[in-house]
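Dropping the structures in below, format is structure tokens.
Two complexes, one shared chain (subunit A), two partners (subunit B, subunit C).
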Partner chain A sequence: MSDFNITVNGRQVPVIKGQTVLQASLAAGIDIPVFCWHPQLVPVGACRICLVEIEKLPKLQVACATIASEGMIVHTDSPKTIKVRQGVLEFILAHHPLDCPTCDKGGECDLQNLTFKYGLDYSRQHEPKHRVIVDANSTFDDLQIGPEIIRNQNRCIHCYRCTRIVDEIAFEDDLGAYQRSYHTEILPPPGREIRNLYSGNIVEYCPVGALTNDDWRYKVRVWLTKQTSVICPHCPDGCNMKLWNFHNKLFRATSRANENIDNGFICDIGRYGYQYVASPDRIKRPMVRRSGELVETSWEEALSLIRKQTDDIKSKLSGSGFFGFIGDIRTNEEIYAFQRLLRRVIGSNNIDHRFHRRRRLTPGEEVSSRGIESDNAEFKDIENADVIVVLGSDLHSENPITSLRVKRAVKRHNAKVILLNPLPTPLGKRAATLEVIYKQGTAAVLLHGLIDAVVDLERFDPSAIKLSAAEISDFRKANAAYAGVRGSEITGVDVTLVARVAEILAAAQNVFILAGSYVERDPLRDSLHLAVANLQSFCKSARKIFLPPDSNSVGAAFFGAEPTVLPGRQSWGKKAIYEDLWHGPIPDAPGKDTIGILEAIDEDEIECGLVFNADPVRLFPDGEYVRSVMEKLKLLVVIDSFMTDTARLADVILPLSTFAEIEGTRVNWEKRMQYSQRAIPPLHESKPGCEIIELLADRLGVKFNQSKPSDVYQEMARFFPTGAPTTYAAIGRDGFLIRSAETNKPGKLAYLRFVAPAIDTEYRFILLVGNADHHRGTLTERNEILMKFTGEPFVGISEADATDLAVSDGDLVKVESKYGRVVGKAMILRDFPSKRVLLPENFGEMSTNILMGRQDKIDMIKLAKM
Partner chain B sequence: MFRVLKQIFVAIPIGMFTVLKQAFRKPVTIQYPFEKEPMMPRYRGLHFLERYEDGSERCVCCGLCAASCPADAIYMEPAETEKGERYAKIYEINELRCIFCGFCEEACPEEAIFLGKEYEFADSQRDKFIYTKEDLLVKWPREIPSPVKFIRKDRRVTWENLPEEQKQ
Partner chain C sequence: MILSDSAKLQISQTAKRYPKVRSAILPALHIAYEEHGYLSDQIYEEIAQILDLKLIEVAEAASFYTMFPKAKRGKYLIQVCRNISCALLGSHHLTAYLLDKLNVELGEITADGLFTVVEAECLGSCTTAPMMQVNAHYYENLTVEKVDRLIEEFRSQK
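And now, the complex of A and B:
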């Protein structure tokens, strides 16, 4: 591996060409103090604390920015270097206020630690210190520079880590260094605040207490806290985090650098998202409905009631009269135990985790989505790709850390990023080479037009791809209706723009396709999946990833939370294995999916539902219909942490613990399984999912004796690939991949049949559902700090439409569709295409699903000023 | 025989003389609690929390006293004032756990906590021994001048309040 050796403190240290002296020394376990250096940032040599002595060089050199060369003899602990470190620290401390007792960084401060190790224990300075006075009325000089970030310029040592993180990692522009010398101030640009999605990282990586946040401000001392390692439950990136708790109360979350995933940077949603755990809105005790009102009761009474009611329904309808929904954010253990409860104990296969989107294919749309799944790919593959195609995804807010990898690829080797989206996204302004905005519902046509444009190019080399000339020409013939100008009429994308994208794709050696939520919400989803596979076949070397909607969607699909597959993605033929394993029969036929379940309730075929941390009333299209259907149920048991829209309809509510109170495993989009520790014991009277499921199973007649997640995990472990760890202790910090070894071979090309949906002239606007700034999904509105960024729902409209309707920012507008209507404050979005409306899905007071139809192709709405 | 005579004529008078001598001395016994011994200058009794000369609390709730406490007798929770100053919202010392070692005084970087000369704080209930911030803070306005010679007299060192000898 190593190219040559250098001598550090008399030791031979291997060096890979291009490494700095610091990197080589740290890799060999030789400690050199640093302030400004960070492994993920370009070295600047600002702080001078890493000065080392290199023989034959007249002066000391900064280790962080000196490239190691063969034969170097380096001394890192000679008397001269120690003396220089003392001197550097003395200069830094000359203007440092030494207010460690009040400073929140105290205890984990690099300056404190290094001063303790190398610094002088006296001061030679008699002059007063330089002080930046922010406000004459306040005693200290703290300045709020963002909704969450507080700056104290006096403590700053000018290492520029913060501005470099904002610039190099996040590609943002809301923080900079102003003035010069020791007058340098870290500030956002005039008139702005720092409010980017990655702003929490600058607090974490500030080596002193110059940048702190409200979350951790004056709450607890770092040495009192205990840290636990958890996996972030907010998106399928699966970042590694540390939760800091003291006396069973959570105080903050920081990153736990994992180079496979997050590189040590987490987004604000994960960083502040833990706060919902201690929310006062939590369901504290079990509740039952008595004469129309939900009243608090004991576990014993709630469970007996469930037993009594289920017995009645079971004798009438057998197992098929039951259904179960489970949320994608739960751990694998809970998902596995839940489907086992439903299949083995209750005898029903009606289970689904996909309650947030339309699933059923309409007749005539014969293509099957089965088989078109994500390829085997990891975060590192994004970094190595030279062209990254982001299709139908607001990657910035849906998968913030994946978005950081894309930016890293741009930073490291100028990777080209192509965005194909129905609306402009934040990533477009920051990292995209080309941003294509198509009309919602026409993405499949766009991709087919793109393929045609690629094949048209002179530089296109058919021998580089695995398709025969006949296949290509047939495909082109079938696609003629979507190519060129005809395609552009359907998609609304300029032909020259498509040609430019094709040019980039044809030149690409290594393409990475990331398909996100707008693909899942696309009315032609299955055709679009096939179109992505087609595009993959036409690229030289391409991988595709369909980003899952929630943090453990991959795990939910793998561990049997779908009506048609058994755990381990086994088909129905393997039923006997499970009957053996669970000592009893399971139903013969596959069950119903979400739509099927709702229709069956409507026809009185299903009378009882178990809803486990899911909220179909809020998320499934046509919310009013779902509500009316759910009201028909004889018994609705909701197991949840919060009073969701579904829970309000429940007959029995059991309080459920949140992610910090349980241990378990989660699977991210790479299919990497990671272990998450329990940080605090369950709050109030809530119980962890596995325990509740065991209680229910016991009450309904079957005992599994697996109330601990570790027991469930041992049973699950038989579905993993061979060699995978069978205990939590064996999982380790990197986790393991549960995918099969074979890579996805490009299949046969599929042809597209596109029929433009009829457009109702009354409803002229297309509804796009997205995420508000600093929000993702439905849990983020429970966090105080995230609400500081975007506090209320809005109706995003374009400037052109705003002038048409005479609406200005903040005016109330009525959004109406055939199915329902909501009222919200208008927000005028710059560069937003007209005739489209963006609604955030994050706020309970304005649920977007009541505007959607269950069968509709495209959600059309009308807008009016109130 | 000689020894007996010596006891009678020498030892007994010496003893009697000693007794007589003590009988006319000032008695050592003091009439506590009506009379009190002066305390040794380094005696460590009940804690007190000091104030600045403007009456504001010195304690910033940094937690070093609690960290240095070998008996784990100190509990505190910080908060923030309107002026952006950190202060102790809750500050409690369990005087039953306290071993009066004085480490808290030594650790305090703000010259806020001291061990005083007070030793009369017996009580009949154990929970009375948890002293809160209100119990520990010195009375304001002061009834007696502070026994402490502070190194730093102001919360924030500026050119104006810098001692003259340091201005050269």
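And now, the complex of A and C:
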């Protein structure tokens, strides 16, 4: 591996060409102190603490920015270097306030630690220390520079880590260093605050206490806390975090730097997202409905009630009178145990997890669903791609850390980023080479037109792809209606723009396609999936990822939360294996999916539902219908942590522990299985999912003796590929990838049949549902800190439509569909296409699903000023 | 909009001379303050827009250079050198004399809007000390009489 050696402190240290003295030394376990250096940032040599002695060089050199060359003889602990380090520290401390007793960083401060190690017992600074006065009455000089971040300039040692993270990693522009020398001040641009989605990282990586956040300030001393390693439950990126607790109270979340995934940076949603755990709105005790009201009760009473009522329903309708919904944010263990409860104990295959942001499930989706049909690809592959295509995704808001990887590819080797979206997204301004806005519902046409444009290019080389000349020409013929100007008329995308994208794709060596939530919500979802595969076939080398909607959607799909697939994605024919394993029968026929379940309730074929951390009333299209159907149930058991819209209709509610109170595994979009520790014991009277499921199973007649997630995991492990870890201890820090052999092969070309939707003259606007700032999904609404960023629900409209309707920013507008209406404040969005409306899905007071039809392919609405 | 169309044009023309647009920030700041007299957040915003840069890049650069005026000042900015050669030859007396004559404090603008007096670090003209810089020009080997004459000249030019 190494190219040559250098000598450090008399030891031979291997060097890979291009490595700095610091990198080589650290890799060899030789410690060199740093302040400004960070493994993910470009070295600047600002702090001078890493000065080392290199023989034959007249002066000491900064190890962080000195490229190691053959034959170097380096001393990192010679008397001269020690003396210089002391000098640098004396210099840094000259104007440092030394207010350690009241500083939050105390105990984990790099400056404190290095002074402890190398410091002197005197200072030659006799003049008053320089002070940036913010508040003359307090020596703290705290300045709020963002909703959550407080700056104390006097403690700053000018390492510029914060501004470099904002600039180099996040590609944001809301923090800078002003003035010079000891007058330097870290501030947002004039008139603004720092509020980007990655802003919390600057607090984590500040080597001193100059940047702190409200979250953690003055609450606990760091040495009193315990840390646990968890997986962030907020999106399918699966970032690794540390939760810090003291006396079973959580105080903060920080990154647990995993190079495979997050590189040590987490988004604010993850960083502050844990706060919902301690929300006062948690459901604290079991509840039952008595004369119309939900009242608190004991576990015993709640469980007996469930037993009694299920007995009645079971004798009347057998197992098929039951259904189960489980949320995609639960652990694999809970999902697996839940479907086993349904199938084996209750005797129903009616189970689904696909009710979120989705309309009618399409036939055939059982075999290809929710990110599980993605190629084998990892975060690292994004970085290695030279062209990254983001299709139908607000990647910045929905997969913030995947978005960082895209930026990294741009930063490191100038990768080209192409956004194909139904609306402008934040990533556009920050990292896109080209941003294409198509009309929602026409993405498949756009991709086919794009393929045609690629083939049309002179530089297109058919021998570089695996298609025959006949296949290509047949495809082009079938595709003629979507190519060139004709395609452009459908998609609304200019032909020259399509040609520019085609140029980039044709020149690409290695393409990475990230398809997101607008693909899943596309009226032609299945055709679009095939169109992505077609595009892949026309690229020299390409990988595709269908980003799953929630943190463990892939796990839910893999571990049996779908009606027609058994755990491990086993087909129905393998049923006997499970009957053996679970010592009893499971029903013969596959179950119903979400829509089928709702219709069956409507027709009185289903009378009892178990809803596990899911809120179909709030999320599934046609919310009013879902509500009316749920109300018909004889028994609705909701297992949840919060009083959701669905829980309000429940007959029995069982309090469920949140991600921090349970252990278990999750699968991210890479299909990487990761283990998440339990940080604190269950709060209130809540119980972890596996325990609740075991209690229910026991009460309903079957004992599995698996109330601990680790027990469930051992059973699940038999569905992993051979060699995969079978215990939590064996999973390790990096997790493991669930891989199947037959992916990465695009297969045969699929032809598209596009029929333009009939135009309704009354409902002329297309509804687009997205995420508001610092929001993802609906859980973030329970979070005080994130709410500081998010603001109010809004109705996003284009400038043209605003003029048409004489609406200005903040005016109340009415959004109405055939199914329902909402009223909200207009927000005029720049560069937003006309005849579309963007609604955030995150706000309880403005549900978007009531505007959607269950059967509709596309959501059409009308818009009026109030 | 603070900057005139001609200033904007000049800035975008200047930008073409540099392989990296960022390099045009300093000349752009010069053009802006020569026209407007001082720099402000609004001007940074306008320059950022013309050069298609981030506001923060412009604001940072402007703040780094203390000699860019950041606040309104008199038509004539009098910078009296206070470093060693000038000081030995009585620059502080000159400063005091100027302030007294113009009836103004350091950094303030005279009532007629014409003058602002500030002290400057070495302006590199030690052989002709004491000296001062008024806007872009040096005035050297100063005496009280010479200062009187200069002030009269500036007043008459308005």
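Following the convention adopted for this analysis, the second predicted complex is superposed on the first by the 844 of 866 C-alpha atoms of A that agree within 3 Å, B and C clash if a C-alpha of one lies under 4 Å from a C-alpha of the other, contacts with A are read in each partner's own complex, and residues count from 1 in each chain.
Just so we're on the same page, contacts are C-beta pairs under 8 Å (C-beta built on N, C-alpha and C of every residue); 3 or more make two chains touch, one makes a residue touch a chain.
Since the structure is predicted, the reported quantities are computational estimates derived from the model, not experimental observations.
Undergrad: In the superposed model built on subunit A, check whether subunit B and subunit C fit or clash.
TA: These partners fit in the superposed model.
Undergrad: Using the superposed model, measure off the angle between the directions from the CA centre of subunit A to subunit B and to subunit C, in steps of 10°.
TA: Spelled out: centre of subunit A as vertex, angle of 70 degrees.
Undergrad: In the overlay, answer first, second, both or neither for which of subunit B and subunit C A:Gln144 touches.
TA: So A:Gln144 meets neither subunit B nor subunit C here.
Undergrad: By residue count, is subunit A touched more by subunit B or by subunit C?
TA: Larger number of subunit A residues touched: B.
Undergrad: Considering only the touch criterion stated at the top, classify A:Gln855 as touching first (subunit B), second (subunit C), both, or neither.
TA: Neither partner.
Undergrad: Once chain A of both complexes is superposed, is A:Ser468 in touch with subunit B (first), subunit C (second), both, or neither?
TA: So A:Ser468 meets neither subunit B nor subunit C here.
Undergrad: Using the touch definition from the top, say if A:Ser2 reaches subunit B (first), subunit C (second), both or neither.
TA: Touch partners of A:Ser2: none, neither subunit B nor subunit C.
Undergrad: Please provide the least distance in Å between a C-alpha atom of subunit B and a C-alpha atom of subunit C in the combined superposition.
TA: Nearest C-alpha pair, subunit B versus subunit C: 22 Å apart.
Undergrad: Could you tell me which stretches of subunit A are touched by subunit B in one complex and by subunit C in the other?
TA: Residues common to the subunit A contacts of subunit C and of subunit B do not exist here, since the sets are disjoint.
Undergrad: In the complex, go through subunit C and note every residue touching subunit A.
TA: Touch residues, subunit C against subunit A: 41, 44-45, 54-57, 59-60, 63-64, 66.
Undergrad: Which residues, counting only subunit A, touch subunit C once they are in their complex?
TA: It comes out as residues 173-180, 188-191.
Undergrad: Which residues of subunit B touch subunit A in their complex?
TA: 60-64, 67, 78-80, 83-86, 109-110, 155-159, 162, 166, 168
Undergrad: Applying the document's contact rule, which stretches of subunit A touch subunit B when the two form their complex?
TA: Residues 100-102, 106, 126, 128-129, 131, 137-140, 142, 217-221, 223-224.
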